[in-house]
Structure formats: structure tokens, C-alpha cells
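Shown next, in C-alpha cells, is the structure this report addresses.
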């Protein structure tokens, strides 16, 4: 039983290793001066087709874009819960099967409500 | 075949409506005082038998002691065209009424003439330099531009 | 064009913006009267002989040389010879340059395809500054080298070397795609001599 | 309760993959809907009209090549017709036919670039563009056979053309005429009922007939709005009255109609080239014209149907070897007059498509 956790540990180590190297790579290359490092203020300014940016970008924009993210989040969380269920469907038997459909039904009610309110279409 | 209206006929027609505003009219063009340019153009556009509703192009030519602004008008329905000219004097601030209210196509062309030749058009909604930048000194297409 | 006064938002008026851009162009024009010398120290004969390229240099130069991604800087006619060179017949992707990057962040080569005017000069200089090191410039066409057929015009910069250091000049008006590819091969030779680890 | 949103200003600027060169639009956005759009020109203003005043009449021809650098044969033709009208020079028959063949081939090449770029902006990233450039290379081979250059040909002269065509030109042209219609049909079959193109282009950026005429728009954009106005038919220059071809017009004037008009016109151009190939006589290709032409004092305006629209040259001469004034009527600049009204209210991606369907070349806009 303990051996199973070893696989998860190994997986964790590889994931951590991968994340750390991609983060540290630029600093080490710069430290060994393989990659030239010449920062200047224009280089760090935002690129907007060769022009200086006009005005500020922290503007209040329409609420509908936030709706989009909200709906995506709801349906994405739904999918995350489906994975463990799908993996051992056979052990759960009928009880698991019906339970998941109730869960899906609840989330889909929210989706149909948003759909009828025409939140995702805008001219 | 686009029939180019002879300046003389059109001048004869307009003589009684706009007395004294037509300076000269030759075979293919027709010179008008700049003060009465706008209402003559209005008449040319709205009169049913002329109906010059398509503005081909506007050009300005620098003849040292005066500027000549040339309008080429065409009627898509009757398939005939007319060249209308006007003159403006003085080299520091020549002025010609703008025809943007009649033909919206004149918008960029008048801005270009203002930018390169220095003729300002009064009545133009957004008269500023179109090709050169704001701080540019002088008007390049003038004959005396260094 | 006033947008919204009472909420105290950023009110952007285009005349004020145009004046600011005009001032930037005037200052750049006054500043860049001399051509920037070309970075061709690598050409001197005796320097080439005693360059000892370490294996790391060799690897880096090979990697950088074989995946040069050009930034788009497409003013005029040479742009269509550059696109033709990129299209299926002359196929620049044989040299690892198959994608024309729209943003200078992901590009390390600027092929200046077209006439440069004083109004465009600050923008090209800004694009060049925003490109990541190491970066190279190919001045393509007669207009890029010396202003070409328009050199006597009041609004044309006589050559890109006025505002950015140029590595390879490709003559022609417009140069044929083969000439451009020859220019790129010359740039490859230059990159392979590059000595990265100083000191 | 209206949601209070703040506008956001963005530069769809000079260095942008889909502005067909260095053209800038300062767009004020509310979210992604465009509230206001101000086109900014001048990034490629080389002052060609000023340079034309310091060159001889023949010396101006290379300058006209660089105006609309995708269709330089048509620029040459427009300028040369203006000088011949000014100086009253006759052109031999064979030269007229060669000019028509070159102008129509150039129209097909320019439309190929226009459609390729338009579909590139519709989202078909580079596949149709490479298709189009493969066909355009065939036309460029023909032009290279005739003038030795790939893009800026400097082929036409006052009074005719610079040199006769080599004898392998006509068979190569016949070969091209055989397989080009097949390509256009195959390409049209792929795109005529394509749902993505219909969804992206149908009913977007509508330019009504009255607004198009009032904004002096010309070319495929005007015909797509339903106005049957083509200078080859309305004011036939050179020998266009000897060929019969139709003028395709759209119904609504949206981006899809502009695309359809360009595809149909390519087919009509092929018909013209076929008829011109059969009737081409032999003989001189250039009438005797003094090297330094001194046209009489006066002015002349000649216009042709260039791929972008009505391209005209207004020449004033004072009996010297250089033109006193050479004004170029740029169809690309006129077609942009209506851009602001067509784009306000649409989203950014629709604005890019509307701008792409108008199809301008910045060399001709800024001159």
C-alpha cells in the first residue's frame, strides 16, 4: 500500500524539479553571462505597435466578460470532480452513477439559466 | 464614354442664377470666384439634369501669384463630368470654402492640400496635417519651399 | 475627442497627442544627423584568426544562427519581396525563419523592408529597442541603405543606419528573394564568429 | 441602469501584421466594441508629387512604380496615358494590346494578394495566403520574362512599351490561361459556402450605395455596394472598348460582397486577356517620341480602373521637360474616407476584417 504513495512522491518531485529549473534557468544563464543582459527603460515599456501607450489600462469594462469567467469556472470545477469518478466507475456501482448525475444536473441548471438570460451572447 | 461637359454651356446656364460669380469658362473647365464656390457646387450637385454627385478629386496648383484649386466632378447617372476651378490669392493664409458638407470624399483631400500646399479650407470639421507631423515647418509642395 | 469629463477620466485629445509625437520626431531628427557605425569589428583579419571559439560559443552560435525569427517592420515595396521569400517558392523556413513574429519580444532579427520616413523613425527605433538581445538588423533595399530613389525627399531618412546599427545591407530595389537569402547567409557567417563569453 | 464603463484607447499602430503596411488607427474602445476610430496617415509619405516635379516626364515612371507597389503596371499605365493625353501622342496597336494584357494580369495578381490578406485576417492563418502567393508567382514569372523585374516593372513608356515581348511569352501566357480558371474555381468552391467566412464576413461593415458615392469610393468596394461603375466601361481608355466583359456588382456592400466581386473580376480579367491574345497584331511597340518630351502648356487628367479603384494622374505642363504639377488621385486614400462610419459599433476583429476587405496599399495612401 505504501508503495503507491511512492509513485505520487516521484511524480511530485519531477513536477517540482521541472518548475524550479524553468524558473532558475534565465537567472543562471545571466549569471554565467551566456545571455547578454542590457535592460533599458524603453525595452521594459509595453509594446503597442511601436507607439507609446495612451491613457491608463485599469479601466472599468463591461460586466459580461466577468460572467464568461464565472461560467467557465463553474463548469471546470464540475469536470475536475468527474475525473476521480470516471477512474473507478466499476467499484462505485449504481449508487455512484446516480450520485454523479445529480451533481451534474445541479451545475447544468445554472448553465441553462445563464443561457436563457442570454449572458454569453452580446452584439 | 464620359462626356466632359464644356465649361461654356454650364457657365451660360449658371449665369442668371449666380450673376458675376463666373470669372472665365474655357472648353473643358470653368473658373468660379471662391466666395460663391459653395452655392455653385450646391447647385451643381442638386440640379436634376446635372446631378454631379461623385467627386473624383481635388487638386491645388501653385502658380506663384495665386493658388488654383481644381475640382473634378462626375455624375454616375448621366455619365458626364465637369472640371470646376477656383483661385485664392495671398501666400500667408489662402482661404477656400470647404465642400465637405456636400461630398464627404473631400475630407482627406482637403486635409492633404492644407498639409502640403498650405491652403486652409473654412468649414472643414477636422483640418489638421494628414501626412506630416504637427511640428513641421512650411508647406512642401509650394514652389518656394526650400 | 473629449470622452467623459465629469468622471475625471483620462481625457485624451488627439491634437495634444499629435503635438507630442511631432516633438518626438523633431528631436529624433535633430539627434540623428550622423550614421551609426556598423558593428563589424568581427571583420578585421587579425582578430578573426585568434578567436578561440569555445564549444559553448560554437553551440550557442549554431543555435542562434539556425532559428532567427524576423520581426515585421514592413514599410513598403521590399515587404512584398520579403513575403515572397517567406512564401512557398523561396521558403525562408529552410533557414529556421518560417514565422514572421508580429511582436519584437519574440524576434531577434529585424529585416527593415522599405523606405523609412522621419514620421516612422521613432517607431522603428522603439521597436528595435524593445527587441531582446542578441539582435541583428538587415537593411533591405536601396531605401534602407541610403534612402534610394527617394533620398532627395524632405521626409525620407537617408538609410536605416541613421537610427539603428545595421549588420547586413542587401542592395536592390526591391532585392530579389535570392539576394535576401544571400544577405541572410552572410548574417549567419557573422553570427558564427560571435564571441559570447567575454573575459 | 446602464453599466458605467470607461473607454480605453489603443493604437492599432504602424507596425501591425494586418494593416497592410504602416497605417495606424487610433481606436477608442468600450470593452471590445469600437466607440471611435481615427486613421493616422503619413508613415510612408515620401513626397512623390514633389519628387515628380524635379524629374523629366520619362524619369517619373520609376516613381509611379512605387506608388501602389502591388500593382505597378497599372500605375505606369495611368501615368503614361495622362502624358499621352497631355502631349497628344499616338500609340501603336501592338503596344495598346500589350498594355491591356499587362494591366489585366496585374489586376489578377493584385486581387490575389487582396483576397489572400483578407482571408488571413479572417482567421485562416497563412494557408490561403500561401495558396495565393503560389499563383501570384506564376504571374510574376510572366512579368519577369517581359520586363526583367519581379515587383516594380518600369515597363511602360510614353508612346508605348519599353520593349517587345519575347517569343516564349505568348505560349507561357496561354499555359497560364489554361490552368488559372481551374485554380479560381477550386478556390471558390472551397470558400463560397464556407461557414466560417460566411459567419465572419456576411453582413459586416455594410457600405450603402449613397454613402459610397458620397465618399468618392471607387473600385471593387464601390461595385460591391451595388453601383455599376467601372471606368473600363464608363470611360473606356486605350482599347478597352474592343473587349466584351461584364462588371460584377454586389447587393448589400458587406465584406462578403467585396470578396465575391474580386473573385468574379478575376474571371472577367481572364476573359479580357484571352480576347487580347487572339487579336494582338504585330508591329512597332513604341511610337517615335523625343527622349525629352516637352508637352504644350496645359493640363490633363487621365484615370484608369486600377485594382484598388480609380487611379488618376492630373498633370500640368509649362512646356518644360519636367511636369509643373503631378497630382495622383489615390483610390486607397479615398476608400478610407468611409472607414470610420463603417467600423464604429463593431468589435475589434470585425474592424480588422472591414479594413482588410477595403484593401489599401499604404504606398498609394501616403504617396
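All chains are identified by letter, namely A, B, C and D, in their written order; residue positions are counted from 1 within each chain.
The criterion applied here is as follows: a contact is a pair of C-beta atoms (placed from the backbone, for glycine too) under 8 Å apart; a residue touches a chain by one contact, two chains touch by 3 or more.
Since this is a predicted model, take the numbers as computed values, not measurements.
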Closest chain to the centre of mass proxy, which here is the mean CA position: D
Chain located farthest away, centre of chain C as origin (C-alpha): B
Comparison of A-C and B-C (more C-beta pairs in contact): A-C
Geometric centre distance via CA averages, chain B-chain A, whole Å: 61
Between chain B and chain C, centroid-to-centroid distance (C-alpha), Å: 43
Centre-to-centre distance between chain C and chain A (centres being mean Cα positions), rounded to whole Å: 37
Between chain C and chain D, centroid-to-centroid distance (C-alpha), Å: 29
Two or more partner chains touched - positions in chain B: 129, 131-133, 140, 145
Multi-partner residues of chain D (each touching 2 or more other chains): 4, 6-7, 9, 13-16, 26, 42, 45, 47, 50
Touching two or more other chains - residue numbers and ranges from chain C: 10, 12, 17, 119, 123-124, 127, 154-155
Chain-level touch network, classified as line, ring, star, complete or other: other
Listing of all chain pairs that touch each other, if any do: A-C, A-D, B-C, B-D, C-D
Of all residues in chain C, those that touch chain A in their complex: 10, 12, 17, 56, 60, 103-105, 123-124, 126-127, 129-130, 132-134, 196-198
Chain D contact footprint on chain A (complex, rising order): 48-51, 53-55, 57, 59-65
Chain B partner contacts - residues on chain C that touch it in the complex: 15, 18-19, 21-23, 25-26, 118-119, 154-155
Contact set on chain D toward chain C in their complex: 4, 6-7, 9, 13-17, 21-22, 26, 28, 36, 38, 42-48, 50-51, 54, 62-63, 66, 69-70, 113, 129-130, 133-134, 137, 140, 150-152, 362-363
Touch list for chain C against partner chain D, complex: 1, 3-4, 7, 9-10, 12, 14, 17, 72-77, 79-81, 83-84, 87-89, 100, 102, 114-115, 117, 119-120, 123-124, 127, 149-150, 152-156, 173-174, 176
